[in-house]
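Take a look at these structures.
One chain, subunit A, links the two complexes that follow: it is found with subunit B in the first and with subunit C in the second.
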Partner chain A sequence: MLLLIIFTPIVAALLIMAGAPARRTALLASIFNLCLSLLVLAAFDASSRGFRFVSSFPIFPDWQLNFTVGLDGLSLIMLLLATIVTLASVWFTDKIDNYERAFYACLLFISGGAIGAFASLDLFFFYAFHELALIPTFLLIGIWGSGNRSAAAWKITIYLAIGSFILLLGLILLYQSIPAGARTFDMRALKTAASQIPPDAQRNIYLLLLLGFGVLVALFPFHTWAPEAYASAPAPAAMLHAGVLKKFGLYGLLRLAIPLVPAGAQYWTGLLVVLLLGNITYIGFVTIAQKRLDWMLGYSSVMHMGYIFLGFASANLLGTTGAAVLMFAHGLSIALLFAIAGELRKRTGTLVLEDLGGLGKVMPFAGLAFGLGAFAAIGLPGFANFAAEIMVFFGAFQRGWEMDRFHCFQIATVLGLWGIVISAVYMLRAYRSAFMGPIPDRWKDVVDLRGSLRVPVTLLVAAMLWFGFFPQSFVRLVSPAFRTYFSASQPR
Partner chain B sequence: MIALIQPLSLEITVLVLGMLLLMFEAFIEHIDKQTLAVAAIAALAVVFLATFFLAPNPSMDQATGFWSFYTADPLAIFFKRFALLTTILVLIMMIDYAPTVRHSFPGSAKQVGLGEFFALPIFTCAGLMYMASAIDFIMIFVSLELVTISFYVLVSFTRKNPATLEAGVKYLVLSALSTAFLVYGITWIFGVTGQTNLQRIASALAHTDLDRTAALFGLVLVLVALGFKIAAVPFQIWVPDVYQGAPTPVTAYLSVGSKAAGFVVLLRVLRPFLIFPKVERLIVAVAVLTLIYGNLAALPQNNLKRLLAYSSIAHAGYLLIGVACIDGRAVTFYLVAYLLMTLLSFSVLVVISQQAGDEIADFDGLAKRSPFLAFAMLIAMASLAGVPLTAGFFGKFLIFWAAIAHQQTTLIIVGTITVACGFYYYMKVVRAMYWQPAAKTGSIPVSGLSKLAMSALIVAIIWLGIYPKAIFKALEPQRGPVMVTAVESLQR
Partner chain C sequence: MLLLVTGIGALIHIYSLGYMRDDEGKSRYFAALSLFMFAMLGIVLANNFVMLFIFWELVGFTSYVMIGHWFERAAAADAAKKAFLTNRVGDFGFMLGILMIWMPTGSIIFGDIVPQISKVTVNPGYLAITALLIFCGAAAKSAQFPLHVWLPDAMEGPTPVSALIHAATMVAAGVYMLVRVAFVIQASQDALLVIAWIGTITAAMSALIATQQDDIKRILAYSTLSQLGYMVMAVGLASNEAAMFHLFTHAFFKALLFLGAGCIIVMLHHEQNIWKMGGLARNLPITFLASAVGALALIGCPPFSGFFSKDAILALAYARNTPIFLLALFTALLTAFYVARLFIVVFLGKPRTPVAKSSDEAPFVMTTPLIILAILSAVSGFGFFAQQFLVIPHEKEVVIWVPALALSAVILGIGSAAVLYRNQTSEPFDIELLRQRFYIDEFYGWFIDSTQGLLARLTGFCDRWVIDAGAVRGVSGGTWGFGALLRLIQVGNLQAYSFLFGLGIVLLIYFTIFR
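== the complex of A and B ==
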């Protein structure tokens, strides 16, 4: 079943290139995939540890290289996120003027790459699946983008290429640091094998992994590709990339860095905290200064990565679980915001905040949807983001806690809490200037989202609300994975 | 009943084939020259198949007489196949290129000169095959000359074109100079050790009473000549002009065949000298220079042939990383990947350059005019840049694998930066094809044979990117005997 989920988008993309009706095939494939992943969710036994739905095919036995896929709670929620956002972004795709087939094929390739990466239990395919999405991203932004699309496409491609190359070096170093007898690409076996890596080798590995994944996730100061690319990308591509593919880096850190090289993570904690505070505060202020809605959203997505890094850096059960849930929640909310922004651009032809205004009167549904997305992004109670951020903050605050004094994590948590205020400022300001106030005459004829487009919006909002009110259904899925990480050695 | 074939008869067959073609050219007037080329392709394909039924190689210890010059170890047989495959693909390109050759002989009879154009690569192929087997400096020198002299003619074949003539002269003068260096170096090594056989040189060098400085000096002179062949900095000056000026199929042949032969000889020649740590440092320095020069100089290129020339220098740099780490397997795999992707890009270029030209701007809008050619070029460029799931990625993977295992930090850092450069200049071609508006319209005709060859190359690139084991299997030393015993048991 898992194999089916991985290969449905890829096969559908190939079919579309071969001549199947583009939109219908893509929609069908993504609906099918969402149903399958819901089935997997229903069949998943949360109480069991380890991986389920495992299937494995040998590729290169000398190196123990197998094509192995499987799911635990963490990868399951990423899979769910990927299928939900894929469906929404395919649904939101408007009529494409040129190369319509290629557009849908690229979207599905990105989706298949992300799903494959989340489901792979083998380091090599984990990496290769992610890279499958690189060229489609380049083409999506380059061919169908707007604004300075050429520069944006170069920038994202070169940044992501360099990031994933550093990551590759880190993975090779990780593999070679393990004594020859125990070497494996299998993530399950790596957990025991990696305990034999000496601490100073762990430092180098962790640094390479952090830099490599960090570039992919837009960790400060490697973030400059993200806002520009998201502003230029067509809305479905931005939804898919910001919502799903970018989470690959965080997923990788949670999956590899914490369990395999804990000593390295310990060593570089200070650096990571400084960088993530750069994400939260510096990028937060940069976001406030943005004058265009798409750039604002791009920067806000970079900023929110800081919270996820904070949960990751806390390296305890509460914080990492919060980071995982936040990945999911942020993926949904940013996809919703990019979708609405794309619709605004289509209808008004501009995303400059000053030129917009009063659109809530003519587009009540879009206004409501954007408002919900904005509230979710700020972290209002009732949305999944709130539950996640609370866990992240508690987890981070807990780390290194002493009764009488503040350590770096306590300070970071306090600064991070101010980030919530910052995000409230820019989100509410953007909402006010786009949807509130008097409506200029030229926007009087703008029409609201048509009926069928309300379905994906409802889907995204429903998922956000469901997991906002019942976060425990998630936590139950995710925490067993992390509990096994921390049961062996609880870092303090 | 399968009779076993003596390895040497392969080269003899190829030489006889070349002479036959020349006879046909000289004495039979009323024959379509294209059939000559097709016949040559078929004959080479038969020889290629014959390489799978070779008689076993006498073991190296008792090598006397002819067998002290010539070996048929797995590496040699592998590169014989490599040379044959390259020549077949180049001949297919030459058929496409024939109209241009005809134009350069105005006034004379219809197909004059074409026979030689098709016959010369076959002599080059024989030279490459001898070179793959050469384990003696005399043999290396003679086979190198056979290759080089036929290239002199091929490079300046369309001699009415001033650029071609310039390329021919440059190649002739610099190549002759490098040959002089080679002979001079061989003399020094012979003077010190009294041997020309590489293995005997190795055992002679093990004695400490020899003048090692003199032997090293000889080796450096030999490396100058080989550096010229593989286009390593600082012996790369000829490459851009010669590549740009030479007929396109010849450029492809130069960049694949000549380079591969250079690397085989380099691997063999270096082996006896590995006892000197200085040699490794020298190779590392050359690799760093080659990587930096090739990649930086490729960045601003606007002519695709010139771009591919610089990219061939850049790839020599990656290959030299493998040489510096003495990883013959990584180098061999990289060469195979390089063969596939370079020949694919050149075979697209041959078609386009006759329609429009060989500037990158001539590829504008190719995706609209010929989706197949654009897709083939996309795969070639993605593989050259090193996108995963292509052969090029696995090549880089193995090279950097070796570099990390040998802790060549400088090479790794420089290599990482240059890989990112590569993404920029290869994606330039993709941009032109996919999102620049087309200057001309109308589809581009592609002959059936080249379409077949291109499809085979695309499949091979992706296949090796997913399943690289095929190449390693062919290189395993035990494979020859196993095969032979299987055949022997068949005979009984």
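== the complex of A and C ==
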């Protein structure tokens, strides 16, 4: 079943290249995939630890290299995120003038690659699937992008390639540091094998992994690729990358770096906190300074990564669970926001905030959708983002707490909370300039989203609300995976 | 409190049927109004900090939606944004306060914190900061100085919304919350003192501003601020009963006054400037009588409800803190003054515009809630009525001259207003400082622009030119340059290659043998 979910988009992409009707095949494949992942969700037994739906095929028995896939609660929610956002982004793809087939195929390849990476239990395929997903991203920006697309495409290509390279170094070092007899690519076995790595090596490995994954997630100061790429990318590509693929780096940190080299994670906590505060405060102010909606959204997505890192850094069950939920929630809300921004660009031809205005009058549905996305992003209760952020704050605040004075994590929490104010500033400002206020004459004839486009919006909003009202359905899935992380060395 | 919210909420829903009859966004309006009721009831019923915070944010959100109901008006859109952001600033403190109370006590449920409170009180500084941070949330929601700026602007929303959200219920939620978490607040004397003074400053300052406003809703908004100041003052003087009593009576008479103003505004085709009204008592008799009851209750005239609740707070201030008492008394005088001014200009004298002359009484759906609220405003101060719902504060020793002083302040206020504003056709005074609301909005605008705006521009510049252009392009430029250097070597010339080959061998020999 899991194999089916991984290969459905890839097979569909190949079929489209071979001549199947592009849009219909892509839509069918992504609907099918979403249904499958919902089935998996229903069949998933949250109470048990370890991985479910495991299947394994030997590739190079000598190296113990197997194609192994399986799911635990964490990968399950990432899978769900990937299938939901894939469907939405495929649905939002509208007439493509040139190479329509290739466009849909690229989207499906990203989807398949991301799903594969989330489901892989084998280090080699974990990495390979991610690379499979990255390449179509470059193509999407370079061929179908807007603005200065080739520069943006080159930038993201080189940037992410360097990030992946650092990551690869980290993974190789990890592999090499394990005593020869215990070496394995299997993530399940790695946990015990990695416990033999001496603390010095752990530090180096964690630093490489943090920087490698960090570049992929736009950790400050390696973030400048993100806003430019998202602004140039066609909306579906931005949705998929910001919503799903970027979460790969976070997923990798959660799956590999934190549990396998805990001493390294402990050692570099200070660095991580400084960098993530860069994401939250510095990028927050940069976001306020943006004058274009797409750049603003790009920066805001970079900023919100800071909260996820804060959850990681808190190194306790509460904060980490919150971070995982936030990965999911942020994916949905940013996808929705990029989708609506893309529609705005299609209809008005501009995303400069000063030129827009009053669009709520002619596009009430788009205004509502963007408003919901914006309020979700700034953490309004009722959306999944709020539930996640509050867990992150509670988790971070408690680390190293003392009554007499505030330490690093308390200060980080205070700044993080202020970041929530900052995010409200830029989101409401953008919303005010785009959708509210008097409507200029030139936008009088802009039309609202048509009936069929309302379906993916509804899907995204429904998911955000469902997990906002029932975050425990999520926590139940995710926390068993993390409980093992913190059982041994729970820092207070 | 629950009955207050549902009771006034129901009346306002009925009233809105009339007020919003011709509005295109009617469905959005009523959806948001119902969502507001949900969230407000959530606040009232919450038994822990996080639930309280969730609904707290939600009422802020509905308030945003309602203020921005006529979003195509720039002023309404800006006011909505301002309201939400100011509340966000307050919530920043509130959330931090929640975290700070949670860590030592290990709980967010009110009932579980109470027995654990000694774990916080061992550190008075920590406790005071915690209490004040929680108060920060209440100050934003109840529009206390210095976070009061959003409430007058919030009057851009439809009038029933102003009555329900921005006068009777939501803004009172801050006071309600303070009373609910009194176990934290009252544990810290320092925090109480700060709270009492903030309430007093708010009360006096906004009463001063109210005397110089021309927009009927803004006058009422500043009056709301001022009355909320009284309630916060009562909280700060450690009397939950007095605060809740005033909240209770204020909800009725202020909702009544807003709805009365709403009738006037609708019947005058959305005219809000009081100098364009006049002589409306003849044309809108029911509105006039009902508003008169509300106004008398607001200024604290004896048989009406406001007298009792305000007297309770004054007596409290008299017993505990003399400077606060004097300022509160002064505020009572100002209240009587601006309310009398409003009344004389709007209802008495001659109509100053044709539309005021030809105005007519509001429809039945709008006047019925007025009448009900007028009755409630009249009687809700009496013990036999109010005791059904809450505990009436009883001062141990009744000081007869507190009410006497209050009454003389009221009479003085009304008298001076009557003398000054009788038969005036335009504002006889022009006190720029009050008209411009002490320039607080201008100061905030400047302050935000010079800190946040500057930081944003600075970081924006830095990100674009230092990190992106400098570091990132520097690395890529460096790579290019290095590549170009290497390319120089690849000249494609056999002699050059053989020369390099020889050089390499020489160097190799040098390093292996001579080092």
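By definition in this document, the second predicted complex is superposed on the first by the 490 of 492 C-alpha atoms of A that agree within 3 Å, B and C clash if a C-alpha of one lies under 4 Å from a C-alpha of the other, contacts with A are read in each partner's own complex, and residues count from 1 in each chain.
The rule we apply is simple: a residue touches a chain if its C-beta (ideal position, glycine included) is under 8 Å from a C-beta of that chain, and two chains touch if they have at least 3 such contacts.
Because the structure is predicted, anything quoted here is derived from the model rather than measured.
Looking at the shared chain after the overlay, A:F32 reaches neither subunit B nor subunit C. When the shared chain is aligned, no partner comes close enough to touch A:F469: not subunit B, not subunit C. Of the two partners subunit B and subunit C, it is C that touches the larger number of subunit A residues.
Using the contact criterion defined above for the overlaid structures, shared-chain residue A:I158 touches subunit B and also reaches subunit C. In the superposition on chain A, the residues of subunit A contacted by subunit B and by subunit C overlap at 158. Interface residues of subunit A facing subunit C in the complex, by the touch rule stated above, are 155, 158-159, 221, 224, 282-283, 285-286, 288-290, 358, 360-361, 375, 380-382, 386, 390, 393-394, 397-398, 401, 403-404, 413-414, 417-418, 420-421, 424-425, 428-429, 432, 435-439.
Of all residues in subunit A, those touching subunit B in their complex are 59-60, 62, 99, 127-128, 131-132, 134-135, 138-139, 142-143, 149-150, 153-154, 157-158, 161-162, 165-166, 168-169, 172-173, 176.
In the complex of the two chains, the subunit B residues touching subunit A come out as 367, 378, 382, 385, 387-389, 393, 397, 400-401, 404-405, 412, 416-417, 419-420, 423-424, 427, 430-431, 434-435, 466-469, 472. Of all residues in subunit C, those touching subunit A in their complex are 50, 53-55, 57-58, 61, 68, 71-74, 77-78, 80-81, 84-85, 88-89, 92, 95-96, 99, 102-104, 123, 126, 452-453, 455-463, 467-468, 471-472, 476.
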